[in-house]
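Chain lettering (A, B, C and D) follows the sequence in which the chains are written, and residue indices restart at 1 in each chain.
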Amino acid sequence: MSEPIKVAVAGAGGRMGREVVKMVLQDDKLVLAAAVDRSAELMDAGLLVGLPACGVSITRVLEEALQNSGADVLVDFTIPAFAYSNTLAAITHGVRPVVGTTGFTPEQIKELDELCQSRGIGGLIAPNFSIGAILMMKFAAEAAKYFPHLEIIEYHGDQKLDAPSGTSIKTAELISEARRELKQGNPNEEETIEGARGGYYDGFRIHSVRLPGVFAQQEVIFGAFGQSLKIRHDSYDRAGYMPGVNVAVNKVMNYTGLVYGFEHLMD
Amino acid sequence: MSEPIKVAVAGAGGRMGREVVKMVLQDDKLVLAAAVDRSAELMDAGLLVGLPACGVSITRVLEEALQNSGADVLVDFTIPAFAYSNTLAAITHGVRPVVGTTGFTPEQIKELDELCQSRGIGGLIAPNFSIGAILMMKFAAEAAKYFPHLEIIEYHGDQKLDAPSGTSIKTAELISEARRELKQGNPNEEETIEGARGGYYDGFRIHSVRLPGVFAQQEVIFGAFGQSLKIRHDSYDRAGYMPGVNVAVNKVMNYTGLVYGFEHLMD
Amino acid sequence: MSEPIKVAVAGAGGRMGREVVKMVLQDDKLVLAAAVDRSAELMDAGLLVGLPACGVSITRVLEEALQNSGADVLVDFTIPAFAYSNTLAAITHGVRPVVGTTGFTPEQIKELDELCQSRGIGGLIAPNFSIGAILMMKFAAEAAKYFPHLEIIEYHGDQKLDAPSGTSIKTAELISEARRELKQGNPNEEETIEGARGGYYDGFRIHSVRLPGVFAQQEVIFGAFGQSLKIRHDSYDRAGYMPGVNVAVNKVMNYTGLVYGFEHLMD
Amino acid sequence: MSEPIKVAVAGAGGRMGREVVKMVLQDDKLVLAAAVDRSAELMDAGLLVGLPACGVSITRVLEEALQNSGADVLVDFTIPAFAYSNTLAAITHGVRPVVGTTGFTPEQIKELDELCQSRGIGGLIAPNFSIGAILMMKFAAEAAKYFPHLEIIEYHGDQKLDAPSGTSIKTAELISEARRELKQGNPNEEETIEGARGGYYDGFRIHSVRLPGVFAQQEVIFGAFGQSLKIRHDSYDRAGYMPGVNVAVNKVMNYTGLVYGFEHLMD
């Protein structure tokens, strides 16, 4: 039997971070090597997430954790402002990054990939760890070959800051690559209320709904002569991402270079 | 047994107008008194709609039809540019208007109402003759009392010119009157693609989807702690409005003044 | 300012019971008077639900709790087998029952109502404490007057024992009372797979979907010439019922007799 | 430029048959060779479908039409009772069958395939000519590999005779082949109204909704920990199938043997 994988968690006090800590502590093939959070007070990481004490205290400085914990993997669910430097630090210390934070530029991804290559380690940056969301994106791209007329509607909680969501933009990119070029709708269309037709992306539209009680939902709707096709994914809570994070932590041990998008880890 | 009601149809060659002609010819309590269309060639109105000849030819000038046909009711599904003058002409000739065309200003409605009152006849201007759509609006307004957080998504064919739809704006008005004042969402929200959050209406958002194959659909979604409520109406074709037009033609005979909105004809 | 209401909780260790305990402890107009659970070990009720200790230990015998705690209200989310005797015991001790458990017969409800009347206290038995679900039922009953053709689809977690759900049966009852008598569908319809057409209720059908990840959802779909109307409610978690339970605990102090159905507490 | 394909239509007076006649007459790469309907009176096929006279009269006897018309392809949308003998007759006369009628047994399909092979001609039997429906089935089968818990809900008009629909059974077959064996739900589940849980198919359930105003809709819902995935196809009218029938008429000229399922004609 193989050694358990040692996992450090950045953003351990955040909502996703807590789920990751819980998942790591409950999987006996994983070991919690470190738990870092800039704002969390010094306390046991197990207690923080409602589990028995685990002997690992939350610390504030990522660098120290990367240096001292012997971590194999760093799982980062922090905020765009820190994600790049956290990932850079992890790779520099030979720790494989598994990053769920968004906001990386293509240049940053390229640079981090080269760094992973030169260190001989794997890494993953994924805007979405949900298998259902990934299937939705894949099916949407395939349907767009036959049904080039489509719109995206995404739903998130009403306190979300950015619109449209990272997942919807990723979906839009995949659709754009798959379908023939097309500017949908009536060329003389007029908005009597500005913005009603949604955000424009390469000929089609993205609509962002923000409501309390919603966690994360997305629908891609295709319209054609006499028919419509809809692909919809609903996420109900953060725990729903953990099976994907778990797969990523395991897979990242076995390849070299930085992968962008969880879908590339599915066969 | 009562006399059949004599009905003139303006816009008889249009898509809605044809349905009205068909409906009138197939109801033995109604008689087709005149069928007017500016662009239609002189032909029998029955043949135009795929029925046996009915002896009424399409004519081009509304005034003449109003004067000569002895019509009790004018059903008008034309375009915003003509609707006001058509309605004015009808009332002036003592013919009750039943108007499905949109674009009237509040001042015009007030003026036409006063004219109806002074002539002692009824009239109806309705952006929607669909009983299902009206129930949707009614339920949405009622739900907004308990669930003030909501968004509207409306779907129409991809050649529709205006967004948002008349029905969605009417729904928004009814909701605004029913709910407490509220500006939804995160005050610091940012659109990375302009328009993604939809059209702003009194604190909430309206999203307009335009796709081929869709006739007319609308969904009002309410979000609250741990739950959501959706009210959705789908119209599949123009014939679905005719039961409502038929009710209107009958009811308009029995009251005085101009009613705005079919819902006021439902008990 | 009025005295806080003293609340006893039966089934305090269950999933709904824990939410009730949490809700009571977090509302300073309520006091936790007792927490009873047949299977829970003696521990502090606050700790049980992840809150600080509150000084009330879980006990096993309801009778004792009713006798000694001075409770004004008993909230019961147990199981059908105990709900009747628990409710009976509460009323006998002058404690107002607020019961979310299903399975009461009409005779039992009548008997318990008479007992409430004779004791001069209020009580509530409600299959559903969700304001959204109640609006759904109300709108469905109203729509059925105009659109008598309908079906109900309800969705719950895949470990639920009974089908159809209590909420769907309650909805069906309300619809039956509202619409004209009608046996829907083709009289010569044949099921090539038994049960495909769902459960028969007074001329229409109820379909029960059971899937992991779903908490509680219901859709009532109305079909008519050229259109359909859908009313859908989604519950995402048990906490979503607590606003309703809170309202019930307060209202039950102010009337006499047993009310069946939370909707009667809404104006 | 190639010769136009000569098409005979069986069931030409039926609702699908009329759409086929219309489609053939409007495509200048196709020629209407014969139009057969047992119950139709002798009249011009063009007039029957609301187009100008085309010089082809409806006849009653398929054999004669196959013998005399020089047809390359027979499109058959009749009823299960006639479909087998019609198809047999077509192949015997060297006319390629394109069949949208359901109800063939595996033995019949095998026999007809052998006959096509021996005659050196192509043929197609397809329960569904809708590209959207086929994508839905394909995506559903693929999703079932990752999300083995699912249910199917299909919606048709309220006069449909059989439940579940042919498309839903086809979908169920494809899912069964793709997912691991699984008997879903609680083993102790009880139906308080018989049939509520739908029709049982290899461990999962199919629900058939029948409502006026609906043409043909289907939804496959997958449920997993914290998420759900839905794939939904809506058909609004028969004309929506004609692009698929047109593709089939063209493709059947270029292969040998009987293909079952339109999906095999998509790349």
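Here, contacts are C-beta pairs under 8 Å (C-beta built on N, C-alpha and C of every residue); 3 or more make two chains touch, one makes a residue touch a chain.
The chain lineup, named per UniProt: A, B, C, D = 4-hydroxy-tetrahydrodipicolinate reductase.
Just so we're clear, the structure is a prediction, and the values are computed from it rather than from any experiment.
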item: Classification of the chain B:chain C interface as same or different, half of numbers criterion; value: same
item: Contact-richer chain pair (by C-beta pairs counted) among A-D and A-C; value: A-D
item: Chain centre separation (chain C, chain D; CA means) in Å; value: 45
item: Chain centre separation (chain A, chain D; CA means) in Å; value: 41
item: Whole-Å gap between the CA centroids of chain A and chain C; value: 38
item: Per-residue overlap in chain C, given as positions that touch at least 2 other chains; value: 213, 222, 224-228, 236, 240
item: Sites on chain C touched by chain D in the complex; value: 149-151, 153, 155, 158-164, 169, 184-186, 188-201, 205-214, 221-228
item: For the chain A and chain D complex, residues of the former touching the latter; value: 130-133, 135-136, 139, 142-143, 146-147, 222, 224-241, 243
item: Residues of chain D defined as touching chain B within the complex; value: 50, 213, 215, 236, 240
